[in-house]
């Protein structure tokens, strides 16, 4: 009985791939944060179908894609960079791991800067209407997640530079990258909701 | 190039007596530091569990005293012991305390203490996160009660509907404290839930496949999974409200395109799953404890486990039944009414499983058994009053009357408090090594049972006679006078019963009979180690072959030939270690390095509280400082550690 | 024994209260109109099912515990025999099976009653608009003829027989409109208008209450529905449309002037200079059975008491103590007495 259930030989030790507890924890962090965004977008759609004066939802006309669309590509690109970084450490290439993380983090910061300009250029403020409150709050929540993600990426960058990881032990990279890809995926849904659904008819 | 083989080790398998110094070595490795240092930095799930339980009971008493005070005001018609303002704060804080600061945390406490022992592990999967969840809970409780202590506690009901909760009708800081305090609490509950789920998936003892875990584990797991998806709804609702009140946004205020019903939807999308989350683990405790006193395994383990999950899943689909009177289209009402009635089916599974276990078993009438058995009746009463309100036309008469107050107290006291008290009688010997006094236990039980029914059963009747809820006084000549008097009387008797419980706990802690490892001759793994357990729980990691390892070979012809091994197993003594196993079948696949004690969790709880304190007092510098400090703490916490096997260096063996 | 303790308070208290209206004006175990009857039936149905379930389960639990000689608690660590008898699962299948049938039947019956009570069988004779205020009810009788539209407060008269439509408008915070003998609750929510209906079979006074916590005086936000025969209702309606007759009494005239000056910024009396909308309309005040939103009977002593000390009667309401001399108060009371 003991022999049958007991170990055949050796077991790996430590935080290794998807056997690391932290990786599973991040999965559920993602589930709960995804739920948060689901409820934010529920609030958007719920308020969208309330009666509004024509032209007030969205306020100021259809939201401009001029900054938002390139910004989407920048965020996608940053995920590609981070994915490339993951690929590299899986092949023990620490130099390119560092490069990928740095590029990903930098692109994330570009996203933040562009979003700041988009915010500054809006014809409404936070307190104009329910639409404007939603716009800044939802994109604001996303921005906060990007800020956290950028800090994570720079931390991973530093730790990689210090040579902490190799092709077996790189759980931190795995976990941080998972968070970053999630933030990217959330942006796609937020972008679709705010910029595309009005074009599809979800307006006042 | 390194490969995974460079990081492997073949763990020893041995009997616990094989290395005499093993227990002593493990003790040194796992013990928390002494004194205040240890108190602040421990990550031991048992310490954290006890803290949760004690703190939760403190809130239970606070909430109970609040209720006794306003029951005096409601003992008769047109009384003037309390002003309406005082009443409004008392009934709101009572609800907030009981539902958020007692009911969830007490179950987290029991689960925290018991899970690793039930699962055959050395600790929870994320011990520092565990400590964090407690410290944040404590900070949230203090934050919320500080407001109440200074006279601006939340005052428009625990459900906090807008527009009453909006700035226009509630200009003081009351609702701001409530909103931000609840967000803090939500963080605690969420990280706790994550911990339970990861522990369930990764830390079960070898051989403990998912059809062998105790029902308490199913209950807490289900509640945790639900919380992951539900808590963001209420945290968001409170945050949006805080923004409306303080930054001038327009989510809930109607003239500018907001919606008052948006609050109700977000609140109840959380609120309904939450009420299942605060009873399913307690039902699991009964499902695990009752069979011990019936000398047989639980009838229908599989359907009970499935019913637990089904209840929680269906629980996400009924939230609108809190909103039947709001003017929704009848298609919507019909759907949610049907769902609210059908959700009674999995509950029925539990009730009949428990009855069958007693009927086909040989009951032993211990105090714990009395609480578990009476729970079945109280569950049924609470359940049928819920069934009645599930039908929309009936609900439109029952809602917002004392009938609902009766319902919620039968389900909360009946399905949470009674099992928790029973669970205390059951597991107190394991926590402390002492038995609780059985004679005092009898007095405790009957006083609580009689007092509870005397206090709350009449509310069904005053509700049917139309008495509205949330009223600070009522007129005479409405037919409610005697009913309210009896209710007040009964609630004091019930409180006396709770007092007897507290006395029994304190007296038994000092002078109870020695319990030994397994005073009840119970079947599950926690009874295979000492009472109280050593810091490392098990000297060797058991391997499990059935649901009732300690009853194997003794159940007669229906027993299988499989045998668990408890006194022989994996020796994991290279520092703090436990074994990680696969999610379904619990086959070992890694040796997990567990963290040492750390101050990072308590510091993070304080820095997070600083953020919200800054927000509530409009001290923006404090909020920002708190955020920066939190960030630094987290980076320090997560810094890759050699001893945890997070870096390229092999850990110490 | 356990069962009796649970059931007997229920029986002792409910049975003597039928007919319950007099002794428990807000009860809904008996209905008095077409919208109420199906619901009352369903309420009793699920109530009886519930009581039976409680009885059966309690008997089963009691039986399970005491069918064999009980074993008392043992010394810690003592080992008592174990077993795993067959047949346990049958309990679950049978119990859940019966429960499911009952639940399904309840679902079906519920759907039928929802359909029955969703809208009236015949066209409503009248539409009445109610707006929830803290802590009183603004009532407006609608009509196609603008000269037949009028405003009142807290007391709603309806003719017996035909269904009456209600449009419920959220004013300040959320309230809930409830007249238990005639209909279930419907909320008044800011930003939306909800519709409900009710019908009274026989004349009578039917009490109502706000049933959504609405702030400090939620406990005292009652209302009264007076159902009258169609003839009586017509007389009442015509009277409501009338302005007060001019008076020759010096005190009454002085009272009207004082009223308009001190009270007219919040209260209105149709056909006079008092046109405030912040507080209840007081036209034909003497025809109402209660004052202060159902809180006090409408008699001179209570009226005087309420006006001179509104915060004493309903602490927290928006009406402050009026600054009146004894003479001014007497004059106003004399004037109000003529509003019938």
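Observations on the structure shown:
Letters A, B and C name the chains as they come in the text, with residue numbers starting at 1 for each one.
Note that in this section contacts are C-beta pairs under 8 Å (C-beta built on N, C-alpha and C of every residue); 3 or more make two chains touch, one makes a residue touch a chain.
Predicted model only: the values in this text are computed from it and were never measured.
If you sketch which chains touch which, the chains link end to end in a single open path, with no loop closing it. By C-beta pair count, the most extensively touching chains are B-C. Chain centres here are Cα averages; for subunit A and subunit C they lie 51 Å apart. In whole angstrom, the spacing between the mean C-alpha positions of subunit A and subunit B is 31. Per-chain CA centroids place subunit B at a distance of 37 Å from subunit C. For subunit B, the set of residues that touch two or more other chains comprises 259.
Shared interface positions of subunit C, i.e. residues touching 2 or more other chains, are given as 191.
With touch defined as above, residues shared between interfaces to two or more other chains in subunit A number as follows: 50.
Across the complex, subunit B meets subunit A through its residues 1-11, 13, 125-126, 129, 190, 193-195, 197-198, 201-202, 206-207, 228-233, 235-236, 240, 243-244, 247-251, 256-259, 262, 265-266, 269, 543, 545, 562-565, 568-570, 579-580, 588-593, 631, 635, 638-640, 644-648, 650-651, 653.
Across the complex, subunit B is touched by residues 1-2, 5-7, 9-16, 19, 21-22, 24-25, 28-29, 31-33, 35-36, 38-40, 42-43, 46-47, 50, 52, 56-57, 92, 126-127, 129-134, 137, 151, 155, 159, 163-169, 171-172 of subunit A. Contacts from subunit C toward subunit B in the complex involve residues 2, 5-6, 9-10, 13-14, 17, 20, 23-29, 38-39, 42-43, 46-47, 49-50, 53-54, 57-58, 60-61, 63-65, 67-68, 70-74, 76-92, 94-96, 99-100, 103, 106-107, 109-111, 113-115, 117-118, 168, 170, 172-174, 176, 178, 180, 183-187, 189-192, 194-195, 209-219, 295, 315-316. Residues of subunit B that touch subunit C in their complex: 83-85, 88, 156-157, 161, 163-164, 169, 254, 259-261, 295-297, 299-300, 303, 325-327, 330, 333-334, 337-338, 341-342, 344-345, 348-349, 351-353, 355-367, 373, 376-377, 380-381, 384-385, 387-388, 390-397, 399-401, 429, 435, 438, 450, 453, 457-458, 460-461, 464-475, 477-480, 482-483, 486, 513-521, 551, 554-556, 558-559.
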